[in-house]
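Both complexes below contain chain A, partnered by chain B and then by chain C.
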Partner chain A sequence: MDYERKKNLREPEQTNEAADSEVSTHEQGSIEVFKARDKETKRYVALKKVLMENEKEGFPITALREIKILQLLKYENVVNLLEICRTKATPYNRFKSTFYLVFEFCEHDLAGLLSNVNVKFSLGEIKKVMQQLLNGLFFIHYNKILHRDMKAANILITKSGCLKLADFGLARAFSANKGQATRYTNRVVTLWYRPPELLLGERNYGPPIDLWGAGCIMAEMWTRSPIMQGSTEQHQLNLISQLCGSITPEVWPGVQNLELFNKLDLPKGQKRKVKERLKPYVRCQYALDLLDKLLTLNPNQRLDADAALNHDFFWMDPPPADLEKMLSHHTTSMFEFLAPPRRRGMQPHPQQQRPPVQQQNPDQHYDRVF
Partner chain B sequence: MSRHTQKDLPSTMTTCETARSSQEERQIHFQTIRYIFIAGEKLSMTALTTATAAHLYHRVFRECKCSDFDPYLIAATCIYIGSKVEEDHKKLRDVINVCYRTLHSDKPPLDIGSTYWSLRESVVQCELFVMRLLCFKVVLTHPHKYLLHYLMSLNNWLHPDTVTEVPYAKTAWAILKDSYHGNICLHYPANWIAVAVLYMALRCHDISVPYNEEAEYCWWEAFVEDLKLADIHKIINEIIDVYELENTI
Partner chain C sequence: MYLQQWILDKQDLLRERESDQKVLSEEEYQKIIIFFANFIQSLGEHLKFRQQVIATATVYFKRYYARNSLRSIDPLLMAPTCAFLASKVEEFGVLSNNRLITTCQQVVKNKYGYAYGSTEFPYRISQVLECEFYLLESMDCCLILYHPYRPLLQYAQDLNQSENSSDSLLQLSWRIVNDSLRTDVALLYPPFMIALAALHMASVMQQRDTKTWFAELAVDLDKVLEVTKHILGLYELWKNYDEKKEIGSLLNKMPKPKTAPSRPPSQGPSAQDLPQQGGSQSSQPTQQDT
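For the complex of A and B:
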């Protein structure tokens, strides 16, 4: 199938500092995603370039993992990998072709939607977003896959309101074998969405790491900007302690055994104020309760996707409401990189995290992508 | 940009997948698979990784003519891809050195020089070729996990003396490994192969499953519902063919 390239969908961006130390560490490049159109069917797709530069070990293992995982995960709330294509090898590229993962095209990402003040979510619509997000997480965890990069920019939403988990570039399979400790890298997840266990050096982690991110994203549905914008690991832990209370063996038995527990300076005597601090934004008491249970310090007590889906929040009035009608008012694609910065105040830019987003178009209705 | 369907790849395909390869080709593949197993052993790859490498190798030659490619290059590439797919990582350098040594046991080890670099480049290029040829579908289901499960179930059913004294499990694993010298893995589901291998191992040791005669279902039907004895025999015959092939080499 032939594709004509239309537009950059994502500015070349620094990925997470995350590098899988279990294998080689080549993925610290930039992600390039393009919008393209199938010349035959005229269908729009997103092309994600497979980075091959400096690849001494052949086809990158991270790309192979992503492909393996996406071939396994066929589900309505997970981004759909259509195929893999490549450019022709010609003398111009020294007979090295470039490979692209071809995805179905989604019009928006959640970070882009949240940064647009004209996009307003009703409580029912927020429920629909969270329900789909948790459905997606339930499905991938059921299939023994960890996403490891939950953040609003990686949550895609089609114009008909279907949510898709995207960017499995850091995802990996996990084994539920409780007997032996695993040694996964803890250099994963964008800092602002990184759960306390990873910040404290845990290497034997599991699905709860993605649920912490789900909690952060849920809060963001109301606050409209990431709730904990740390600039360093230490700063992030301070912010977490200020919101969720001090990290102590009393609330989290076993935390003292984590590698960095004694090496980092953990704020003491902080009270847990999740509900209290989010109350000004979130008026629904069920929402506050679910947030409180997702943003639980102890990963063993944090709700899993199944329990979260059974929470009263989704079953009390108003019921989850389709997003299609609301989104139909917005005919422009909204992606994070196109949006003005969402950060509150002047915090130092986290190293290697969000791209420096330039204020391109104050008018959000300006047609940028087509 | 073009899609990876098999049609845009070199015109080397044999369209008919069931086309039986000639005796000569089967001998070549037998020897290449043996080389994969030896190299795999030296690289301390797991049984699964080696099985993946062998299975991928057979899939490549289901699509390609044997005469168009160097089987040993394809084999080395499949070893390398297998190590990535199964997360049993081996450095490309090690794969090349070990494969070279396995193939040329009479020559001194490979120096870092033009030969080494061109071998490396060949494997890297061949990797992309194989990936495209297989449409990036490189995740395989092996009979191993089924066999393990069946053996565990059977251990509880057989007489304890049989379990401790007769090495039928070892035999089953050996037969399974040997079966990769032919392309049986391409033609039957993994769970069928596991049953056939187990059936064959039990027959080799003259073990009968208790109460099988009186039971309404045969023991393997408890594992795979729709599997007929005729199919088991068919698979076993193919395995025996592989052993007979060995005698001709």
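For the complex of A and C:
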């Protein structure tokens, strides 16, 4: 009932007000996100516009899933959906209002923080980030939800250091019914964070796909840029094989039955070098061990969120440390889309680039990015 | 939280219906809602929906009219809209627009000729898509529904073990739950209570002794009995009711939108509550978008 009233207080105000120079709208995929302020409480929120892309579909099924899932998932480490609002239907928009998902505002995203050289994470702070991330994953998996788009840009961090999994636009519920093979789409997860089973065409997948992404993000905490930046699915599999060893039925029984196993050219004779290649960046042996176990080729052997949280990494000195103090040095919002283009020489390897993710780029071949 | 928001109070329900019941008696109102619940059921069966999807569509329909007058949007448009949204929310997949509209046309023509005569299903997909907005808004985007079917399965299984009953009990209770979609109970009581009421009624009908099993439940049995009364009320109504004969004139009597459906049904719930002139005059629901 007071939905209407609230709505009027919170017309999406595109914040071009002076104080908000750090804010802009950005399009990620087909989604526009705004920063806005609740006129009454003065609280900042993020507005995600529901784009009516496919007119025939009506209200998009992805938006319905996101609403449905986020109404179900209320948790510290999951982005908080405050409400749904809409613009008033007037003759000017032919009585068609626009729907917005209203989220609590988070100041930073992890990709933005990692691309800023002035932001430095101590080992304890990295532990805190990973612990919260895995906590979030544990919670959503416990509630039978797959995120399906793990990447640094979808990890939000508030200025007080609380991490939130965000963007459930690709998420869906999964059935734990092991006997019945499911047929989900495998066209999910940004290429650089996509696990080997999806790349090989698996359609009966589950929570391990999100844990692979968690492993990639964890490595990125030290390398500061995505560790496997493939330009095509084939290229991504090459990069994975070079890091995690050849994909064979010996290390991964049953892999030969996946649809694309015989159709793609998988590098043979590659040795597993996860620890070896990450060692120059990651000095902590527990961290290396956890990385090794998250970046496991065989999804059935990959650590789940619960086991990862019990790993020694989180229980040996130094303990996880709050992020608030470190973040208080950085008062402007850091989002990936706001980050300045990285200058040559600033980064160990200048050829890195983030978006566009799915584009083929035959000119560039970075087999080793770190 | 979302569950509680949508367990309504009997008084609220009556208040929201006041304007419609200036035109229709309580019983006539119920008959119209039953008619459209049947319509959604037929539609769902033609579209090969699981019962769960049909139940969701039916409860969406009830929730919309629990907050809005029949006058706000023609239920003949709202019914397929609920089916359309429910199929997406329940992951049944997006219906092809053509299929939805053709199915509506067929169902109206072949199954409900007694209600609509020779009038064809008058709506197009653009109107369904528009109606979906109002539906979502009216429900505050609360999309997740729980139905009595799952708790019913659990109770029946538990009862099976302790009382050595059979599947026929479950089958009968299941049908009673289906019937309960034609009453207000889905708006008034949590799903597990409806499941218990159905199970209780079924065991009485089949003369099973389930007294001890029910006695051991930590449940407010008075509430369960209230649910039972609602459902028995429906059976009572069905006894002397010939839908084929009556529904045509009831639909004529039903309050109808005055303007084209491209207008918002209401600006806030209070605006449409004031009844306009009694007994509506138009004969068939043929208002068109312009």
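Everything below uses one rule, namely that the second predicted complex is superposed on the first by the 309 of 370 C-alpha atoms of A that agree within 3 Å, B and C clash if a C-alpha of one lies under 4 Å from a C-alpha of the other, contacts with A are read in each partner's own complex, and residues count from 1 in each chain.
Keep this in mind: a residue touches a chain if its C-beta (ideal position, glycine included) is under 8 Å from a C-beta of that chain, and two chains touch if they have at least 3 such contacts.
What you are looking at is a predicted structure, and each value in this text was computed from that prediction instead of being measured.
With chain A as the common reference, chain B cannot sit beside chain C without a clash.
Of the two partner chains placed by the overlay, only chain B lies in contact with A:87; chain C stays clear of it. In the superposed model, A:64 lies in contact with both chain B and chain C.
Looking at the shared chain after the overlay, A:260 reaches neither chain B nor chain C. Legend: residue contacts after superposition of the two complexes on their common chain; A:162 is shown touching neither chain B nor chain C.
In the superposed pair of complexes, A:100 makes contact with chain B only, with no contact to chain C. Applying the stated contact rule after C-alpha superposition, one finds that A:284 touches neither chain B nor chain C.
Across the superposed pair, chain B and chain C both touch chain A at residues 1, 3, 56-59, 61, 64, 67-68, 71-72, 84, 86, 97, 99, 173.
Those residues of chain C that touch chain A in the shared complex are 2, 84-85, 88-89, 91, 94, 97, 125, 128-130, 132-133, 136-137, 140-144, 262-264, 267-269.
Touching chain A in their complex are the following residues of chain B: 1-4, 80, 84-85, 87, 89, 91-92, 123-124, 127-128, 131-132, 135-139. Residues of chain A that touch chain B in their complex: 1-3, 22-23, 47, 56-59, 61, 64, 67-68, 71-72, 83-88, 97, 99-100, 173.
Residues 1, 3-4, 55-59, 61, 64, 67-68, 71-72, 84, 86, 89, 94-97, 99, 172-173 of chain A touch chain C in their complex.
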